[in-house]
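Two complexes are shown next, each including chain A; its partner changes from chain B in the first to chain C in the second.
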Partner chain A sequence: MQMPLDVQYILELLPILLKYLSVTMEMAILGFCFAIILAVILAIVRVFKLPVLHNFAGLFISFFRGTPLLVQLFLLYYGLPQVMPIFAGVDAFSAAIIGLSLHFSAYMAESIRAAIMGVNKSQMEACLSIGMTRLQAMRRIILPQAARVATPSLMNYFIDMIKSTSLAFTLGVAEIMAKAQMEASSSFKYFESFLAVALIYWAVIEIFSRLQHYLEIRMNRAY
Partner chain B sequence: MIKVQNLSKKFADNMVLNGIDFEVAHGEIVVIIGPSGTGKSTLLRCLNYLEIPTSGVIEIADVKVDSATATAAQITNLRKKSSFVFQNYSLFANKTALQNVAESLITVWKEPKLVALKQAETILQQVGLGEKIHQYPSQLSGGQQQRVGIARAMAAKGEVILFDEPTSSLDPEWVDEVLAVMKQLAVQKQTMIIVTHEMQFAREVANRVIFMEGGNIVEQGTPKQIFEKPQHQRTKEFVGRSVKQNLSALDSAML
Partner chain C sequence: MKKHIKLIIAAAVAVSSVVSIPAFAKQTVKVGMSGNYVPFTFSSKDVLQGFEIDLWNEIALRSDYDVKFVLSSFSGLFGMLEAGHIDTISNQITITPARLEQYAFTTPYVVDGVQIVTKKDRDDINSVADLKGKKVAVNLGSNFEETLRANDPKQEIDIITYDTGFVQDVVIGRTDAFIMDRVGSAALIKKSGLPLKLAGKPFETIENAMPFLNKPEQLAIRDTVNAALLSMGNDGTLAKISIKWLGSDVTQ
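After this line comes the complex of A and B, so read on.
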């Protein structure tokens, strides 16, 4: 009787796939850094209702939350260079990072905005009363407090982002999902290959979930 | 030193301040009293531009701002001339007592961090909190938090400190320590404008008492004039009622 599951194959495949994990993590980390910068800017524009920018930010957030990530990636990588040739030089890896950061910044902006709005209004007044400007108040008092509130949900988005990097294989980025797909189609061991890649994602996410839990405990102790 | 001319504030259709005029001299301690909803808080908040006046001119030291032409830079300059002690303390929750007090020195006055922290520590010692400088607000009692609030206002290098019912949210046991710090400031001739219901404190400390009602200054004078020989009927009623309340509070405290 044939073994239903080729454990030996999985064990051999794991180290091969792990080599590509760095590409996945690079996309997730870089994407997250860009996303957070963009999200903070979008959130501030929305909170202060800055003229014109505010409307633009609203449209941006609505679009990137209202369409699938896969569609956005295709639009960015396959579509955009046709109408704007300067984008033709963007490689798949960069396009994936840009797409991921645009997509996630829209979600993150909303949770950062909610966190800022959640900081008591009297904190801003206290800043103003001693002569600080609104910008100084944001930087020194409001954003640090909002960050504490927003961190758990931002960590969730980071975890989501790690998983979403798997879509980059559709642009031809050689990350761990692409490698699994390649191995599967040459060995025909689809189940084992995709199980192996699933196990790796699971392990990585588990590590970050624990980190998130630990961070939350530490931050709740802070003040 | 402080000059307010024709200050008005309207919330929607509700006229809360009706063209108020008054002046406060350097080193003077002014206590504002009056019934609830009369515009006392609104007046203080306008002085600090936490509320934008509907019309009127506010002048503190060398900064003069007309609400009709006020620019953001003028408003920031005016705010630097006063500081505010809030009823609910409003300490920066993410900063220690020391950082709360040092914040204006570092961010607004651009002092080197070490110098600022040293100064902040000295001020916290003055309000009796030398032992608590590294505590966060959440780790302090109400009375201690309000003393940090006063220390923060002292550090801000304003000409005047504005107090809006600084003891009203305190448990009775913490009221005296806060009033003691304010009396100490009075001895040092710190200019202060204080909204309070603590009539005994007003009698002892104020140079001048202002009675406000319905968005107007009804009467003002020395504590003796206002509390013992009020001229207006409304002042008489208010002061009479407050004295009775204070006496009955005293009675129940003694029981």
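After this line comes the complex of A and C, so read on.
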């Protein structure tokens, strides 16, 4: 009879899967960088209620929060090239990063907006009274304070993003989930393969959770 | 005058570079596959291998293409083909009337169908006609029972429906033959190592091939692949790849 759990197989599989961890992390980190830039822009547009742009940002957030990430990835990678052939040139890896950043920027914009709103109004008034423009006040005084408030929820989104990269296999990106699935289907050791990949995700996210904790302590030192 | 000479030189350089580049760069063909269909395309110990991989490595040799394997979940493959992310799919795609309307297929490289399987050492059964008066096993719930009955209007075959264990009964001689799909049978025999063989050609065949988009550039690749497949069929390479992965020749 077969052993209920083949530990030896898991130990053999882990180094193979770890080789593809860089693909997963690259997607998550690049996606997060683009998402945060986009989210800050969206949040500022929303806070200042800039005409037209404000409506556009509202529509953008509504769409990307209102539809599943998988649907967005499929639209981007399989759908768009049919109507705009130029998008056929976007490879799966880039499409996954674009999809992840668009999707998560919508969520992150809302928590950054909330963090900005959370900074006391008197701060902005004080800045304006000494002659700063609203954008200067935003950059020098408001955003640094908002960043402290937004950090925990942004880190949550980053963790969520790491896990969401597993959807990239449906576009053909060879990341760790894809590899685990392929090894499982040739060895028929589904439990061991998916357990191995779950352990890797768990370990990576545990590292980032510790990092978040440390970061929060650092940012709170001034208070 | 000097300006003219410069212009001519620049033009000459531009023309020569445009002309010479295609001569050096091999065309890359992107082949989509699922990477989780044993023994056709699968990854074991991080090595992508299988029937389709060997097939395309050989096509690459004979056509002078660079072949790039693109892995994706099976459900995404046709979307990638439509979107132009891949040139074709090599994943045992069955030719159906609906797909034929949409795609240009290569010549079939695997013929699947309803197959009679017998013990290795007997040669009295080679077609449905030979099953007259014999005990034939079919799996409960499969459509092979129906297919077999449709081929047996006088009801001369003793059809036995099994839930499990029909393979073993043929091996020990309690039953004369069993009916299953051909590629599945071949894979089963290869994997189990049981003394069984595919008896005769399959009936009610289905054919598997690679689909291409109906565009001039894609059709050109399709034709080159066809030429490679034809020469591989003629010199026995196709059969060799089939025997390596499936234990028997299912390519014709």
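Heads up, the rule we're going with is that the second predicted complex is superposed on the first by the 221 of 223 C-alpha atoms of A that agree within 3 Å, B and C clash if a C-alpha of one lies under 4 Å from a C-alpha of the other, contacts with A are read in each partner's own complex, and residues count from 1 in each chain.
By our rule, a residue touches a chain if its C-beta (ideal position, glycine included) is under 8 Å from a C-beta of that chain, and two chains touch if they have at least 3 such contacts.
In this text, all values refer to a predicted model and were calculated from it rather than measured experimentally.
Of the two partner chains placed by the overlay, neither chain B nor chain C lies in contact with A:Pro68. In the superposition on chain A, A:Gly58 makes contact with neither chain B nor chain C.
Taking chain A as the reference chain, the count of touched residues is higher for C when chain B and chain C are set side by side.
In the superposed model, A:Gly118 lies in contact with neither chain B nor chain C. Of the two partner chains, chain C is the only one touched by A:Phe169; chain B is not. In the superposition on chain A, none of the residues of chain A is touched both by chain B in one structure and by chain C in the other. Residue ranges on chain A touching chain C, taken from their complex, read 12, 16, 19, 74, 77-82, 85, 87-88, 91-92, 169-172, 174, 178-179, 181-187. Contact residues on chain B toward chain A in their complex (touch as defined above): 48-50, 76, 79-80, 82-84, 86, 88, 90-95, 103-104, 107-108, 136-138, 152-153, 155-156, 158. In the complex of the two chains, the chain A residues touching chain B come out as 120, 122-123, 125-133, 136, 140-141, 144-145, 148, 222-223.
On chain C, the positions that touch chain A within their shared complex are 32, 35-38, 42-46, 70-73, 75-76, 79-80, 82-85.
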